[in-house]
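Attaching a single structure in C-alpha cells format; questions to follow.
Chain IDs A, B, C, D and E follow the sequence of writing; residue 1 opens each chain.
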Amino acid sequence: MNSSLYILPEILLTIFGILVMLADATMPRGASRKPLGWIAVLGALGALAASSWQYQLPAGTAYFGVVRIDAFSIFFHILIAGIVLASLLTTLDAVRPETEGLGELFALMLFGAVGMMLMTSAVELLLVFIGLEISSISTYIMAGFRRKSAKSPESAIKYFLLGSFATAFFLYGIALVFGATGTTRIADIAAALAGSTAANVPPLIYVGLAMIVIGLGFKVSAAPFHVWTPDVYEGAPSPVVGLMSTAPKAAAFAVLLRITFEALPSLHVHWVPVLWWLAVISMTLGNLGALRQRNVKRMLAYSSIAHAGYLLVAFTALSAEGVAAASFYAVTYAAMNVGVFAIVSHAGGYDDRLTLVDDYRGLAYRSPLLAGAMAFFLISLIGIPFTGGFFGKFYVFTAALHAGMIWLTIIGLINSGIAAFYYLRVALALFARPAEAAPVMAVERPSLPLLLSVFLTAAATLILGIVPGNVLGAARAAAQTLTVSHQQSAPEAAGAATDLSLR
Amino acid sequence: MTTDLHLWLIPLVPFAGFLVNGLLGRKAPKPVVTAVALIGALIPMLQVSALVLKFDSLSKPYIQHVGTWIQAGSFHADFAFQLDQLTLVMLCVVTGVGFLIHLYSVGYMAEEDGYWRFFAYMNLFLFFMLTLVLAENFLLMFVGWEGVGLASYLLIGFYYTRDSAANAGKKAFIVNRIGDFGFLLAMFLLIAHFGTLSFNDIFSQIALHPAWQGGFLTAVALFLVLGATGKSAQIPLYVWLPDAMEGPTPVSALIHAATMVTAGVYMIARTHAIFDRSPFALGVVAIIGVATAFFAATIGMVQTDIKRVLAYSTVSQLGYMFLGCGVAAYSAGIFHLVTHAFFKALLFLAAGSVIHALSGQQDMRAMGGLRKKIPVTFWTMTAAVLAISGFPPLAGFVSKDEILYQAFIAPNGGKILWAVGLLTAGLTSFYMFRLWYMTFFGESRSAAAQEGEAAAVHARHDSKLVLEAEPHTHPVHESPWVMLWPLIILAILSVVGGWMGWPAGLGGSNWFSHFLAPAVQSVHLPYEQATVALNTGALANGIVNTPNAAPSGDKQIELILALISTLVALAGWFAAHLMYCARPELPERIAASLHAGYATLKNKYWVDEIYGALIVAPVLFMARWILGALIDRGVIDGGTLAVGYTAQGFGALVARIQSGNIRSYAGWLTLFAALALAAMYFGWAARFIPR
Amino acid sequence: MNLGLFIVFGAFCVAGALNLLFQRHPINSALSLIVVMSSLAVLYLLLGAEFLAAAQVIVYSGAIMVLFTFVIMLLNAGKEERTHGSKLAYIAGFPGAAALLALLVFVFLSRRGSFGTTLLGEYLVTTGDLSRLLFRDLLLPFEVTSILILIAILGAVALARKEH
Amino acid sequence: MVPIAWYLVLSAILFSIGVAAFLIKRNIITVFMSIELMLNAVNLTFVAFAHQWHQVSGQVFVFFVMVVAAAEAAVGLAIIIAVFRARNTLNVDQIDLMKL
Amino acid sequence: MLNDSILTWITFVPIAGAIVVALLPRRGRVIQWFTLLVALLTFVLSLHLPAHFDYARHGFQFEENRSWITSPAIRYHLGIDGLSLWLVLLTTFLAPIGVLVSWRAIENRTKEFYFLFLLQQTAMIGVFVSLDLFLYYGFWELSLVPMAILIAMFGPNSGRQAALKFFIYTFVPSALLLVAIIWLYTKTGTFDFVRLQAALAAGSPAFTAQALGWVSLAFLVAFAVKVPVFPLHGWLADVIQEAPAAMAMVVAGKLGLYSIFRFNLGLFPAQARQIAPLMIALGVIGILYGALVALAQTDVRRLVAYSILGNLSFCTLGIFCFAVAGLNGAVFQTLNEGLTGGALLVLVSFLYERYRTNDMSLYGGLAGKLPRLATLFVITSLALIGLPLFNGFIGEFLVLSGSFHGHAGWVASAAVGVILSASYMLWAVQRIFYGQPSSLVTNRPAPDLNAREQITLWPMAVLMLVMGVASPYWIKAIDSAVSGLAGNPSLGITAMQTPQLSGAPSGKVTQ
C-alpha cells in the first residue's frame, strides 16, 4: 500500500490510459475522439496532482529499492506530467477529432509518460532501461502516427532504427557497468566504487559509462549523437514533436544526472571533459545547423540539439548548483518548446502542411494572439531576460562559471548569440507583411485546448523568467538529494571537486 | 558704476523683433512688420545714443553679469556684457548703420514676398552682432560670431529658390565654420591655460606675466586669426564674400560691408593683449591683410557685376584693416572700419538704388548714362567713390592714410607693406572710378532693357513672385525717399566721418585714436624692449609698432605720405577716366594684349576652382567612395555580411551531415561512439579543453 | 569440453553473424540470425543460464524470428540491391566499428585476469533463484513490462492498420 | 576452463558485426535484424558477467531484454510495414525524403 | 512616501499601459489616445524626480532595494543619480512625442505598435534606473525585442533584414557582457552595483589585472555596439532607415553611453583608463567618419544616421578623456543627441509621410511649400551642427574644451567635425528645401505641418534652445554625478585646468 503511493502518478496514468483505450473501443468509427482527449487530460492532471502530492511522502525507495521518490524524481515527475498535459491539449487542437487511432495516440502519450516518470525515479538500471524503452517505443509509434504523409513513417523508421541502435549501446553500457561492479543499482554502484581511487577503478566502468553516455546522448539528441533529430522532428506530427522533444529528453537527462552524480561521481575526471565536449559540440552544431533551415520544425529540431548542449553545460559544473541548473533548464526548455510546438501544430494545419518560415510571414496579421505567443516563445528560446529561457541559461552558466568553466560559458553564450539569428528570423517573419504571391496561411480560430495549452506554457515561461523562486527552490532541493547521497557514497569525490584538473 | 545700464537689453530688443516677425510675421500686415523691424533697430540705436551721452561718467570697462550660461566643474562661462570705448564705437556703427539700412530696406524690399522673413532675419542679425560686440568673454563673443554667420547664411539664401543663392549661403556658412574652427581651438587653448574665457580675467593674467611671449599665445593668436580670416573674408577664406552678393543688396550693405565682415578686425582689436605678445602673429595678420587688399583689388578691376566689384573692394578694404591691426595700429584699423562702414554701406545702397532703377540689372556693361536719371543716387555715390578712393578730406582718405602711415613707420618691412598698400590704393581708385564711369557716364547701354526686350531681368528675377509672372520692367527711375535718405545721411558721414580722426600730421588731433586708446593700448608696454629684441629677426619676428603715439618728429613724413597717396588716387582716377570715359575701346585692347593676365583676373585667379579641386573634390571623393563605399559598404557592411555568410556556410556544412540516409547516420554515430569511448577510457577529452 | 563447446558455438555465432552480413536475401540473413541465437543459447548453457537458454530459443529463435520471417514474406522482400546511398557508412562507420571492437577487445583482454574463468556447471542458476528475483525484488519492472507490451500491441495495431 | 574474457570478446565481436551489418545492409528488415544481433551480443555479456559475479540479476536483465526485444520487434515490424505502404520500398537508401 | 516608489511607478506604468492596450478595441484612435495618456502620465510622474532631487548629494537617490531571488542573490534595486536623472526624463519626454509622431505614420497594426512601444519604454527606463546588474541586464536585453519587432513590422523596404542585423549586432556582444556579469557574481556573490563597486575597489586576488581587463572589455564592447562607436556602427544606418520614427529616435546613444559611464567608469576605472587612448581615437574617427559619410548620402535617413554616429562620437571622446567638463559635456551631448536627433527623425518622418521617399535628390524647393516644416528643420539642423545658444553647442564645446588638455591633437581633429557637420546638414537643407520645387514636390500637393505635428515638434525645438541657454539647470545634476566619479582616484579625472599663476605657461617662450 505504502509502496504503491511511490508510484501513484504512474498508476494513475496507466489507469487513465487503459480507460482511454477502453472508451475508444466503444466509440463508433468516425465519431469525434475529443472526449478521449479530455479523459487523458484528466489523467495527466491527476498525475500532476499526484506527483505534487508526493512531496508529502518521506523520501525513500520502494519496491525493494527499485524506485526512489525524492525531491529529484518528484521534480521531474511534475515536469513530465505537465508536458504531457500541455501536449495532450495541443493534440486535441491540432489533430482532426475523428482521426482514426486518435484514442491510441492519447493512450500512448499517457503510457509513454509512465515510462518517462519511471526513468526519473528508478534507481535500478533495469527499471531505467524498461522505462526508457517504454518512452522510446511510444514515441517511435507517435512519430509514425500520421501515416498518410510520406514523411511520418520515414520519421518513425529513422527514429526507430537509430533509437534501437543507440539503445543497444546503452544496454551494453549497463552490461559493462554491471560487469565492473556486479550490480545494477545506483546506490550499490556508488558504494562499489566508493572505496576505489583512480588507480583501482575497474576500467570497464569507463567503457560502460561511455556507452551509457552515448545511449543517453542519443536520447537527448546531444551532438554528435544528434543525427536523427532533424529528420525525425520534421516528419513527426507537430504535437508529438512538442512532447518528444521535451519529456523523454527531460527523463533521459534525469537518468544521466542520476548516473553521473549519484552513481559515478567518482569518475568525474573522466566524464566531465567528455560532457564538456558534448556540450560544446551540441551547442555549436545545433545552432549552426539551424541557421539555414527554412522549415520551422527542422529548425526547432536543430535548436533542440543546441539546448541539449546548454543543459549539458550544467553537468560540467559538478556541483549541486549545476544539477539544480540542469533541472531548472529542463523545465524552462520544456515550457517554451511545448508552447512553440503548440502554435506550430495549430498554424501548420491538421496535416502539418505549412511549416516553412515563409509560411509564417504575416501570421501576426491573421492571428495576433498566436503570433504574439509564438514570438514570446521564440524570444524565450533566444534567451531574452524576463523569460524562462533566459533565466535557465543564466543559471546554467552561473553554475558553470562558479566551477571556473570560462571558455564553456563564452562559447555557450556566443552560441546563444548565433541562435538569436534563426529564432528571430521566424519571430520577425511573423510580423512582416505577408508575401503577396505566397499562399495565405488560413489560420483556424484557436480552440479552447490550444488556448489552454498556450496559456499554460506561456505563463510557465513568464513565471520562470520573472519569479522563478519556487521552481528554483524545488530544483535546488532536487539537486540536494542527488548530491547529498553522492557525498555519502563518495565523500572524497566531493572533496575532490575543488581540485579538479579542469579548473 | 552704480548705474545699471541694462546692456543685455540692447541685443535683446532686436531679438524680440525677430521673434515677433519670425513667428507672426507671415500673417501680419506689412506695416506692422515694418514697424516691428524698425523699432527693433531703432531702440538699440537710441540705447546706444544714451550710452554715448553717459559714457564719460562710466568707469571702464563696464561689466555686467546677467547669468551663468555654462557651468561644468570649475569652468564657467557667463552671460556677461562689457562696455568700453571699443564696444561703444562698434555699437554706434552697428546700430547706426544698421538702422539706416533697415530704413532703406523698407523701400528696397517693398515688393518682396518674404518681406517679413527678411526683416526677421535682419533683426536676428542685429541681435547677434550686438551680442558679438558686447560680449565680455570669448564664448559669448562666439555666440555672436556664429550667430551673425547664421543670419548671413539666411539672408544670402534669401532667394532660396535660386540655386546660386542657396549655394552661396551654404558656402558662406561653411567657410565661416572653418574660421570658427580656429576660434574654437583658440578658446580650447585659452581654457587649458587660463581656465576661463573672460576677456578681463585672461588679459589681466597676461598683464601680470610680462614674461609670456609667443609660445602658446602665438598659437592662440594664430587660431584667432584663422577665425578672423573666415569672418572678415581674408586670404585664404575670402572666397565666400563675393558669392554672398546673391543676397539682397541691403544685406550686402549691412552684413557684408559694414558690420559682420568687420567682426574679425574687431576681434583682433579686442584680443590685442594676446596679439601684442606675439609679434609673429601680428606679422601674419599684417601680411594677410596687405596681400588680401592687393589681391582683391586686382580682381575688382575686371569684374563687371556692380555688386561683385564692391564685394572685392570690401575684401580689399578689410585687408587694410587687417594691415592696420597687423602693425599693432588697432585704432587705425578700427577707424578704417568705421569710415568703411559709412562709405561701403553707402556704395552698396547706392548700387542697390541703381539696380532698383534698372529693374534688377547688375551688369555694369549694361549700365551707363545714369547720372541725370538718378541724380541723388549719383551724387551720394560720387561721395562714396571719392571717399573710398582716398581723396582728402573725405573719410576714406583719413583712415586709410592712417593705416598706411602706421605701416610705413613699422619696423621690419613696414615699407614694403606701405608700398603694396599704396599700390592697392591706386588700384582701388581705378576700379571705383571705373565703376563710377561705367554706371553713370557715357551712353546708356541699358536701352534694351527699357524697351522691355527682357535682356534685363528684375532684381527679384528668381523670387517667387516673378516665377509666375512675366519679368516686368519699368523705366529707369529714382528710388523712393525712404531709400534716399539713408544714402544722403551716409554720404554726409562719408564726407565728414573721417574728421574725428584727422591725423596730427595734417594738423588734426586724432581724437578717435585717443578716445580708443584705453581699450586697445597694451596694459604693459613691452614694445620698446620687444622691438629691440625683435629687430634682430626678419619678417618671422613680425612687424610691431607703437600704436597710437606717433613720434612727433614724423609729422612731415605723415604729410608726405598723405600727398603721395592722394597722388596715387588721382592716378587711379586718371587711368579710369582714360579707359572708361575718354577712350572706351582701350580696355578691350589691353585685355587682348595681356590675355593671360586678364583671364587670370577675370577668373579671380581660379581660386574657387583650385579650392574645388584641391579640397572640396577630394573630400567629397573620400566621403563618397573611400569612406562611404569602400569602408562603410565594403568593409563594415561587407564584414558583417561575411561573418553572416561564414556562419551560414558552417551551417550548410553541419546540415551536410544530415544526408537523410540512415546508414550514414549510423556511420556517424559509430565513429563518434568509438571516439567517445576512447576519450572516456583514456581521459583524452580533458587535454583538449582550453582553460 | 567446455572450451571445445565454446569454440565451436562461438565460431557458429561469428559465422552466423558474418553470414547475416554477407547474405543478400533477407530470408538468408534471418536464418543466419537464428543460427547465431541458437548458438548463443548453447553458450548460455555453458554459462549456467539454463532458463535463459530455453527462453532464448523460444522467445528469440522462435517468436521474434518467426515474426521477422513473416514480415519478410508479407512484404515479399527480395534480394538487396547494393545501392550507394551512403559513403559515410563506409568512411566513418567501418573505422568506427573497428575501433569500437579494438577498444573493447583491448579492454577485455588487458584485464582478462580480473574476470575469472568458467567451468561447466560451476555456477547454475535455478528457475527458483530467477523467479525469486523476478517476482520479488524486480516485481515492479516486471509489472511495468506489461505496459511495454501493451504499448507494443497498441503501436503495432495503430501503425499496421489499413488506412480508411 | 574458458576465460570469461573470451565470452566478452565474443560478444564484442558479435556487437561489432551487428554494427557493421547495420551499416551495410540495405533492407530495413535486415537492418533491424542487425540490431537484434547487437542486443544478443549484449545479452551474452550480461550472462557472462552474471557468471563472473554469480549474480542472478544479470540473467534477469537478459530476460527483460528479450521481452523488450519482442516488443520492439512488434512495433518495429509494424513501422516497417507502414513505411513499405507509404514508400513501396524496403531499401534504407531510399528512405531519405528528409535531409539537410 | 512617493519618493520610495516613484522609480517603480515610472518604470512600470508603461508596461501596465501596454497590457491595457492589448485589451483595448481597435476602434478609432482609442489606442493612440490611451498610449498618449500613458506616456504623458509617465512623463508627469518622472517630473517628480528633478523636483525632489537632492543636487548636493552624491550617490543614488529614490532608491528601492528589495530581495527578488534569493539564490542567486538577485535584488530589485532601483535608484538614480545625476547621471541617470536626465536620461530618464529624456526617455519619458520623448515618449509622448513618439506617440504623436506615430499618430498617422502608423495606421494599421496600431495595437501591436503601441503595445511594443510601451514595452520599449519600460525597458529603456529600466536600464537607467536598475542598480542590480541582473535587473539591468534584463532591461538591457529586453529593449532589443520591441525595437527589432517594430523595425521588422514597419520597415518600408527591408525591415526584417535591418531588424535582424540590429538584433544580432547588439545581442552577440551582450552575450559576452552576460559572461562578464556572471563572472563578477561568481567572484563577489552579488549583482548589486553599489556593492560590486565597493568590492572591486577593495580588490581581491581573483581580480587580476588580466581578468578585469577582459571583463571590462566585455562590458565596453557590448555598450560600444549599442552607442554605436565606430567601427561597430554597421547596424545604425539600416535601422534608422527602416525603423518607425518613434523607434529610430531612441535606438542609438543614450543606453550605450549611459552604460559605459555607469559601468566602465564606475566599476572598472583603471581599465577604462587603459583603453582610453583607443576609445579617444575611435571617438575622433567616428566624428570625422560620421560627418564625411553623411556628406556622401543621398537618403536623408541615412544621412541622419551618420550624423548621429558623428554626434555620439563626441560623447565617446568626452567620456574617455576623463576631464570633469568633458564628462559633463558627454552626458549633456547624450541628451542633445536624443533630443536633436529625435527631432530630426521626426521631421524626416513627416516629410516621408507627405512624399513617400527619403531620397533627397527627389526633393527640392520645399521651403516655399511647407514653410513651417522648413523652419523647424532648419532650427533642428542648426542645433545639430552645434550653433551656440542651442543645446548641441554646449555639449560639443564642453567635450572638446574639457578634453583639450592632454589630447590637443585629437580634439583639434575632432573640431574639424564642426565644419563637416555644417557641410552635410546645410547641404541636406539645400537639397530638400531650396532651389526650384522638384517635380515630386509640384506634383504631389501636401499640407504644411498641422497642429498635431507642431505640438510634436515645438516642445523639442524650444527645449533645444532652452537647454542651450540655461544649461546649468541640467548640468548641476550631471556635475554631481561626475564629481562623484571624480572622487575615484583610479579614474584620475582631471579638473578643468587651473590657471598657472606661478610658472610660465606650458607653451615655450620664444627666445
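Criterion: contacts are C-beta pairs under 8 Å (C-beta built on N, C-alpha and C of every residue); 3 or more make two chains touch, one makes a residue touch a chain.
Owing to the predicted nature of the structure, the values given are computational and were not obtained by experimental measurement.
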Touching chain A and also chain B, the following chains: C, D, E
Path length in steps (a step moves to a chain that is touched) from chain C to chain D: 1
Chain pair with the higher count of C-beta pairs in contact (B-E, B-C): B-E
Distance between chain centroids, defined by C-alpha means - chain A, chain D (Å): 26
Separation of chain A from chain E, taking each centre as the mean of its C-alpha atoms, in whole Å: 43
Gap in Å, rounded to a whole number, between the CA centres of chain E and chain D: 64
Intercentroid distance (Cα basis), chain C paired with chain A, Å: 30
Two or more partner chains touched - positions in chain B: 644, 655, 658-664, 666-670, 672-673, 677, 681
Residue list for chain C, restricted to those that touch at least two other chains: 85-86, 89-90, 93-94, 96-97, 100, 103-104, 107, 111, 115, 137-138, 141, 145, 148, 151-152, 155, 157-159, 163
Shared-contact residues (touching 2 or more other chains) in chain E: 168
Every chain pair meeting the contact rule: A-B, A-C, A-D, A-E, B-C, B-D, B-E, C-D
Touching residues on chain D, where the partner in the complex is chain A: 8, 15, 18-19, 22, 28, 31-32, 35, 38-39, 41-42, 45-46, 48-49, 52-53, 55, 57-58, 60-61, 64-65, 68, 71-72, 75-76, 79-80, 82-83, 85-87, 92, 95-99
Residues on chain C engaged by chain A in the complex (per definition of touch): 103-104, 107, 110-111, 114-115, 136-141, 144-145, 147-148, 150-152, 154-155, 157-159, 161, 163-164
Contacting residues of chain A [partner chain B, same complex]: 157-158, 161-162, 165-166, 169, 203, 206-207, 209-211, 213-214, 217-218, 224-225, 227-228, 230-231, 269-274, 276-278, 285, 288-293, 406-407, 418, 421, 501-503
Chain A - residues contacting chain E, complex: 364-365, 368, 372, 375, 379, 382, 384-386, 390, 394-395, 397-398, 401-402, 406, 409-410, 413-414, 416-418, 420-421, 424-425, 427-429, 431-432, 468-469, 472, 476
Touching residues on chain C, where the partner in the complex is chain D: 2-3, 6, 10, 13-14, 17-18, 20-21, 26, 29-30, 33, 36-37, 40, 43-44, 46-49, 51-52, 55-56, 59-60, 63-64, 67-68, 71-72, 74-75, 77, 80-86, 89-90, 93-94, 96-98, 100-101, 104-105, 108-109, 111-112, 115-119, 123, 125, 129-130, 133-134, 137-138, 141, 145, 148-149, 151-153, 155-160, 163
